[in-house]
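Structure in structure tokens, see below.
Chain IDs A, B, C and D follow the sequence of writing; residue 1 opens each chain.
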Amino acid sequence: MAKIKVFENIKLNSPIMIVGLPGIGNIGRVAVGYLIKELASKKFAQLYSKNFFPFVVLHKSYEIRLLKNYFHYWKARKDGQRDIIFLTGDCQSQSPDGHYEVAEAILDFVEKLGVKEIITIGGLATGEMEKNPQVYACVTDEELVKKYKSYKINFDVGKRVGYIVGAAGLIAGLAKERGMKAMCMLGETSGFPIVTDPKAAEAILNTLTAMLGIKVDMSRLEDRVKEMEKFIKKIETLQRRAVMEIAKEEQPEAKKEELRYIG
Amino acid sequence: MAKIKVFENIKLNSPIMIVGLPGIGNIGRVAVGYLIKELASKKFAQLYSKNFFPFVVLHKSYEIRLLKNYFHYWKARKDGQRDIIFLTGDCQSQSPDGHYEVAEAILDFVEKLGVKEIITIGGLATGEMEKNPQVYACVTDEELVKKYKSYKINFDVGKRVGYIVGAAGLIAGLAKERGMKAMCMLGETSGFPIVTDPKAAEAILNTLTAMLGIKVDMSRLEDRVKEMEKFIKKIETLQRRAVMEIAKEEQPEAKKEELRYIG
Amino acid sequence: MAKIKVFENIKLNSPIMIVGLPGIGNIGRVAVGYLIKELASKKFAQLYSKNFFPFVVLHKSYEIRLLKNYFHYWKARKDGQRDIIFLTGDCQSQSPDGHYEVAEAILDFVEKLGVKEIITIGGLATGEMEKNPQVYACVTDEELVKKYKSYKINFDVGKRVGYIVGAAGLIAGLAKERGMKAMCMLGETSGFPIVTDPKAAEAILNTLTAMLGIKVDMSRLEDRVKEMEKFIKKIETLQRRAVMEIAKEEQPEAKKEELRYIG
Amino acid sequence: MAKIKVFENIKLNSPIMIVGLPGIGNIGRVAVGYLIKELASKKFAQLYSKNFFPFVVLHKSYEIRLLKNYFHYWKARKDGQRDIIFLTGDCQSQSPDGHYEVAEAILDFVEKLGVKEIITIGGLATGEMEKNPQVYACVTDEELVKKYKSYKINFDVGKRVGYIVGAAGLIAGLAKERGMKAMCMLGETSGFPIVTDPKAAEAILNTLTAMLGIKVDMSRLEDRVKEMEKFIKKIETLQRRAVMEIAKEEQPEAKKEELRYIG
């Protein structure tokens, strides 16, 4: 179950959707967050779900916010560009079936907006620090390999990994079932305990902007990553704490108590 | 979610429902199982649910059976007796919300059959072997205390326990919400790791048959308990094994494997 | 899923809802419980959910009760006062998605009663014993800061915590999605293993009654806390035990048994 | 919940369904996979479910695929043969209630195609290496024992095991509720940590092809097993890793962090 609220009824010309949610290295989250800001794209819808963690986050000093995913749009300005829908947000689902439910709700929504092609962004954890992270990709459709192979993308990802967990994988896989085409771009990253990896995000951004025929000034990336990281880290920490608290609740000290059970 | 299949459309005269499902000491299961047999009551409906464990059980040497709960009926034969619906079965729900769902499905069904009074049977684990187990009870409605206080029932159960987990408690609690009256009878039992307790079941049976104006030959109880125990133990063991296997699945040896995660 | 039963059809004049459910220090539960009693507010509806723990509780010596949340109302008696709906109860949800489901059911219900402003009450665990606990608050809407800043409330809560787990947070966050305004008040409390904190509740009560233009004799608070604590502690203990028993079920001794698995 | 996509509308003559999904020894998966290939049976439908693991798998070097179950059909070519529907796939459900939901969806689908008899295939873990694995079977209906007892099947399975977990058991058990007949065939296998067992699969295939009046060249089995094993192992490993990662997420290092909880 997911609820979507639409702020603005938009008409786009066969838009492509770019998905960047929190994940390993937060590569997708950072890359899409940076594009949204640099392109001054406009938020037009948001989504929340009972499958997200059951807490709200404090923004600034006192503002309560639900965990959400956000849809932005950007209109093509010249030939060679396409209308874009960006999907980013605070979190992914907290349960296995929730991943499917939220992904289907997202696809239901963007299908009506005319989306037929989707690019999701994730990280490929290598266990090593990468000086020059490569961009890998996998696809639902051979045609996308042809379309994008001239960009610096390594499509031999199957040698490195065998699966993609969560939204980046499922949105692509489920999109195919609707006749959409999807590609999942993966930036090489260490995968060490949850650090935002701006280098991998930059590699993705370089490839992605070339693919989309967009120019973006990369000089602000480092600053923006620092800004974003603060908030991303907060939610990550909160999720871990929330899980801990749930775990604490479930491992009570009551163990020594006399147990009078009825059943 | 629970599916109920009805074999016979019955008309009963304001029947009372007696619920005895597996639980601590299997007191309810044994007591109701014995009554069903001794009274030659007739099975008229059965229930299964996706909230039960996901396995089937082998009866005799090769017969596959779903885990189920069963409804039997017995018609009053003389003054002072009442029509009875017995509910017994192989198991309770395996998830917290499943307990509510299955209990509501049971109540939806018997409400239409005219049930306005319910007795559920469970065990009160004392941590000690009980030579002369007492019968305790709690109620949704003061009136039932008056009605049944002349039988050997200790209504001061609140001093011994504070809550009732699972079907015996929830069916009673949820029945009240529908304007039904319910009593939960509890036989004192050690509560030591899952042993069927025929003494506690006998204590319940003595009280219950008196309450219902029924005479039942208790001489076959010991034999019947042995028969039933075999099957009950099997399902218990199976549930424990099933849980183990799930646990094994969830603690893979893969830990040392190189981890290339994408997200 | 939550079922709401309404005892009395009430008409209120743009009521404010005050939410105090069990939580850290039980501050909301105690504060709202005290107001309900002192204002002689009237119970008009109750809610239960399959998302609550699957047990019933014994009240007094033998009365079976489902776990529930309760709605009370109180009508303004003079200028400067408002009609109030109080929400309190035995427990919160036991599953992450249940928190969302129950909160949405509560909001569906009170939205129809004209509620446009909500105050939820929780505890801010500081890890230290607080002699003079402060009252913190966060809001869904800037306007509420202006409205309530003249009361002794510290709105710089973001420096102390980053999130609010469970009903106190989610009811506020989800209310905003419906165009309601919500504030979450937090009393400083040690957060040491689950003790009811009457001092923090008193701090909340002093601020809250001032905000609501209500006078309440605080002299009975200590006695009332003792009364309430008994029951609250019981449910907490029960939840911990229930969790333990579920855990026991899931870690069977069967480990040494020969394992003949079919799949 | 499960979504089924149909590629071809087929008309079959009272078909039998043969189910072989991953499980202990992957006996069913291998046996059915081999029959599908050797008989050149045709894929006509596929199923996925939110109850499967939340990841996609990479085929070949770059192709994204959802986890799925697949339906194939094969038409009888001479007397003594029957039309067959084969069900195989990448995985079973990842949650207990998911097993029921997916099995019911499968049965809803094939019931409309006229299926009245089902054979599911699984493994019977013996804890020992079996040189000449026997074929055991259990049934929902006595009649199937008579029908198939002339084939080398040991129906005294109840002496070896007491239950069947997952799809092989539940599809059979739930089929009975719809008036279908079902048999579960079990190949003896060691059950040692998840190895594909071609010998047990061969034993099943010998019996099954005789029962179905089908001739299949077994000389390619070994090669096919090697092919299939690669993919089956991959998914198994992935499931284990996915579970690990979920577990990691749930045991954060945050434990030493100062905990400022609000509730």
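Quick note on the criterion: a contact is a pair of C-beta atoms (placed from the backbone, for glycine too) under 8 Å apart; a residue touches a chain by one contact, two chains touch by 3 or more.
What you see is a predicted model, and the numbers here were worked out from it, not measured in a lab.
Two copies of one sequence, subunit A and subunit C, touch each other mainly through non-matching residues, since under half of the numbers at the interface are common to both. Set against the Cα centre of subunit C, the chain with the most distant centre is D. Centre-to-centre spacing of subunit A and subunit B amounts to 48 Å, using the average Cα coordinate of each chain.
Averaged Cα coordinates give subunit B a centre that lies 34 Å from the centre of subunit C. The set of subunit C residues that touch two or more partner chains comprises 161-166, 169, 237, 241, 245, 259, 261.
Within the complex, the subunit A residues that touch subunit D are 93, 96-97, 99-101, 104, 137-140, 142, 145, 155-159, 161-166, 169-170, 172-174, 176-177, 182, 184, 193, 237, 239-241, 243-245, 247. Within the complex formed with subunit A, the subunit D residues making contact are 3, 5, 48-66, 94-95, 98, 234, 237-238, 241-242, 245-246, 249-255, 257, 259, 261.
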